[in-house]
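Paired with chain B in one complex and with chain C in the other, chain A is shared by the two complexes that follow.
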Partner chain A sequence: MSLETLFSALVDGVALGFIFLLLSLGLSIVFGLMRIVNFSHGSIFTWGAYIGYEISSRTNNFFLGLLTSSLVAGLIGILTERFLLKIRREALAQVIITIGLMLLLDRLAWLRWGDITYIWFPQWLEGSVSIGPAIMYKYRVFLIVVGAILSTTIYYFFTRTKYGLIIRAGIDDREMIQTFGANIEGMFTLAFTIGSILAGVAGFLLVPWQGVYPSIGTNYLLYAFAIVVIGGIGSITGTIVASMLVGIAQQMCSYYVPYLTEISIFTIMILVLLLKPAGLLGRGTE
Partner chain B sequence: MRDPRYLISYAILLSLPPIFEILGIARLTSILAYSYIMSIYALSFALLLGYLGLLNFGHALFFGIGAYVTTYQILWAGVPYPLAMLASMLIGGLAGAGAAFISRKAFRGIPFAFITLTLLLIVYFLYKRRELRAISGSEQGLLVPTPQMFVSPLIPIMASLIIIAYMVVILIESRHRGVVASGTSRVSGTYLSRNNVTWLSAAALILSVSTYILTIGQMSKPEPYRVSANLYIVALITLYLVHMAIKMITETPVALIWIAIRDSEARAETMGYSSFSYKTLGLVIAGCFASLSGSLYISYSSNINPERAFNPILSIYGLIYSIIGGLYPIEGPILGAILVSIIENFLADYMGGWSLVIIGVAFIVIIWLLPNGLAFYLWRARVGVIKGITRRIARIKSRE
Partner chain C sequence: MTILLEIRSLAVNIGALYVIQGISLTIGDRELLFLLGRNGAGKTTLLKTIAGLIRPTSGSITYNGVDITNKPPYFRARLGIRYAPDNRRLFQSLTVEENLAVSLMSEGVSGDSMRDRIEYIYTIFPDLKRLRKLRASQLSGGQQQMLNIGRAIASPNLKVLLIDEPTEGLSPIYASKIAKVLGDLVSENKSLSMVIVETKPSLMRKLGGRFVVINSGRIALEGSVDDILERPDLLSLYLGTKPA
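Right after this comes the complex of A and B.
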């Protein structure tokens, strides 16, 4: 167990933590605000990844891919919230709708792209850099930078701007902000769309690292569920802490004890749930 | 339990395999057998969701426990299949109590759903490890030999004998008490008047015809056909027993307390009911029935691996069955499971890769068009038909 390995596992863990953060933040907010479990979130992640891959591998432009994947993911999100979820009001029926959407989107992706894993690299991010004692992949360092910028922006949005504050207030008490005259339906759409865009971006950012295949979104959705529950439903800070925790734990395990990766994360999750059912930084229960 | 209408519907279903064979759609026998197994699973899921308000995303855990415990008993100890089923039901109930104990601090809503999901995922990922190949079967799965009872012609004969005995009991009882019929459900509070004599003669006729078809239909048939027909009979009879058991449970005072806890836990606690013990009871019952469906499943697939037994998708399917069929009346999840399994099977045959796309769209459309679930509308349509007939009779009488 050398220091270099430890350091690169740590860097990889933080980079993965940012991906997890982007993916699970939308899930957590939608969960807290609308009280629905959004199973289609992972499929939006997959579609963001595929669309971004298609665009950027053709134009050879990383940022164009980032832009299109966020646009497509946002479009899927806005259509889902505006039309599909309006079909029924009850939370359970909405869960079934998102399950239907998950099956639909995952299968369409499989029909179009098949079981192959696609990886694409921007040329200027290939190779590695040496920071301190260890040699890092350039892309993972880049991922940390991008992740840090994005999450600072998101944190700013949710703590300093009007709509962010309304959404967070809505997570705490939905009826109260309605009596204050906030447009709750608009907030639902806003939260859902932001969540979908973040998921799409997360999907695309993972393409140069782990590639994209049809079931990647659903696999990562399980981790996102774990993160949301560990951090506390609807808690922004909790989600950030839990993402880093799970990301680092996942990478540490896959470096040192690969056969315990999933099991260790879900064991963390159950320990947190048993000691604090509301999550690490969540407030109250249902 | 003694409502002849259920007996009649199940007796009709029981005589279907030979008819499918004549019509040339024998494949439907095993599809329906699978859907009955899933119906038992869906019933146990819906009992938790509908009566206790507990959304159990880890329900596949009980299913998988049932499947694996039965497999271990058959493979390692040579226990006869029916006995292994009973034992795994017990283990499933214990697992339910264990899950209740672990989630005692967050025994409601989303936290409960996620604790059980996590339990399931831990077992799922543990069993998927190659290191545990000896007990989990890993990707290839553990092969379970077809239980001897499915090859012998004993099952249809036994089934016919049971049906005849049942008919005799009903006839004897009805001679001095009339038919005891409980209506659809005491909880939903609907009673339908009926003509005892009509029901009884219909029951006697259909029962004797179906027992005849059942015994004659199995003579001199090749073994694969007999196995699938026998599985069909066993699955259907088990489904009948589970259905009646759950119906009886939902008509006891315990179910009323469950509903009280579901609607307002604080109020039920104030009235002196310990919500933890009632929820544990519900979880134990659901665990029993879910592992029963798991242990029936191994004789359907004869190969068990973690991907089939502990798949998180299976828990989601419990929700799909219950919502599409409807939680109330309790027949809803059965209808949902049968409908969804048949649709899935046929779509997989005719549409290939597109089948899941269509199923996804179908879920959304069904939720959109039938918000209360299939069973509710069927039940309402039937009440409408009965009302229409009585109105017409009244009109004819007034004309005279």
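Right after this comes the complex of A and C.
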């Protein structure tokens, strides 16, 4: 076990942790505020990846791809919350609606792009960089930088802005926040849209690393569910901690014990549930 | 006295239970009204229905002549109606200061006005200033109640305050602090009406006003607080208590 390998595994883990964070945060906020397990979240991640891939590969412009994927994902989010979820108010009906949407979006993606895995790489991020004794892929370092900027922005939004505070208060008690004058329906739309944009961005950021294929959203949705449970449902800080923990653990496993990679996340989840049933920073511990 | 809130033939069913069965009452401008009654009588349900957290089965609620029966809680809050629940229901993951700030931001108060209102609450409850960085979940019961009431009275637009059992479960020190704050609010705020659910006579003695006894979802008795305090038999019958 060389120091360089350990360092590379750590960098990859943190980079993957940021992808997990962007994906899981929306799931956690939507569940915390609206009490909906949004099964279509992974499909929005997939569509963000495909749309970003299409635009960036055609224009050779990474940032245009990033912008388009976030806009399309946000649009799917707004339409879902404004129209589909308003059809029925009961939580169970809304879960079934999101399952239906997941199947529809995945099938549409499969019809358009088939079973092929698409990868596109921005040329200016090809190659590697040396930091101390370690040599790392440029793109993974870039992911950490972008992830850190986005996470800081999100953290600022939830801790320093009016709407962020209202959403956090709504996660704690969505009835009471209305008795102070907050229109919770507007907050639902905002939370759903932010969550969807983050999922779309996460999907696109993964394209140069792992590519995009029809079932990628479903696979990552399972990880995101596990992360939300590990961090504590509805806890933003918990989701941040759990995303990093899972990202690093998974990459460590893939470097040193590859056959444990797939089960590492669920092993962590079982251990956390045994020791802290509400999650690392779930209600009752926060 | 001008009528501020008017409740007409209000009925509320929760599941198969007829919790409120045709209550009619009025709350005047600057009036103090105590809702009395044993546990399960329907007092909390009535407060929650006025706040908009429960939809009535029938009947109407008007505020300043505007029908608010089916209006959402945020609409009523923007008219100046505030609710402080008995189980506090603070935003547990937010700090004391964030709890106060979010209650103001929700109705559109921000910047210097918001800071002024938070400072105003700190002058009323100096303990909250010392505890402002702590999460609500880290506060004691008495401190939580101060925040619960502080959050409800922070609004610069406050017109009607609905408080559910403000001194319930508090130590005598905190109970007398809360009673003093409510007394000061009544004497200082010239445009505030208050509806207080109470099961103990001590707060009524301090604040005075009018009372309504609710029994099995109906109004059983009403009058002035001074009158009922002189009737230990009625207090015992409807509250299960005796005046201290």
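The rule is short, and it goes like this: the second predicted complex is superposed on the first by the 283 of 286 C-alpha atoms of A that agree within 3 Å, B and C clash if a C-alpha of one lies under 4 Å from a C-alpha of the other, contacts with A are read in each partner's own complex, and residues count from 1 in each chain.
The working rule: a residue touches a chain if its C-beta (ideal position, glycine included) is under 8 Å from a C-beta of that chain, and two chains touch if they have at least 3 such contacts.
Here the structure is a predicted model, which means the values were calculated and not measured.
**Q** In the superposed arrangement, does A:F39 touch chain B (first), chain C (second), both or neither?
**A** first
**Q** With both structures superposed, pick whichever of chain B and chain C touches the larger number of chain A residues.
**A** B
**Q** After lining up the shared chain so the two structures overlap, which partner does A:P277 touch, if you call chain B first and chain C second: first, second, both or neither?
**A** In the superposition, A:P277 touches chain B alone.
**Q** One more residue to check, A:I177. First (chain B), second (chain C), both or neither?
**A** Second partner only, chain C.
**Q** Which partner does A:I116 contact after superposing on A: first (chain B), second (chain C), both, neither?
**A** Neither partner.
**Q** Please identify the positions on chain A that touch both chain B and chain C, taking each partner from its own complex.
**A** Shared contact residues on chain A: 286.
**Q** Using the touch definition from the top, list the residues of chain B that touch chain A in their complex.
**A** Those in contact with chain A are residues 49, 55, 102-103, 105-106, 108-111, 113-115, 117-119, 121-122, 125-126, 129, 131, 312, 316, 319-320, 323-324, 353-354, 356-357, 359-364, 367-368, 371.
**Q** Which residues of chain A touch chain C in their complex?
**A** Touching chain C from chain A are residues 162, 165-166, 168-169, 171-173, 175-184, 235, 283, 286.
**Q** If we count contacts the way the header does, which residues on chain A are in touch with chain B in the complex?
**A** 31, 37, 39, 84, 87-88, 92-93, 95-97, 99-108, 110-111, 222, 225-226, 229, 233, 259, 262-263, 266-267, 269-270, 273-274, 277-278, 285-286
**Q** What residues of chain C sit close enough to touch chain A in their complex?
**A** Touch list, chain C to chain A: 51-53, 72-74, 76-78, 82-83, 85, 89-94, 98-99, 101-108, 110, 135, 137, 151, 155.
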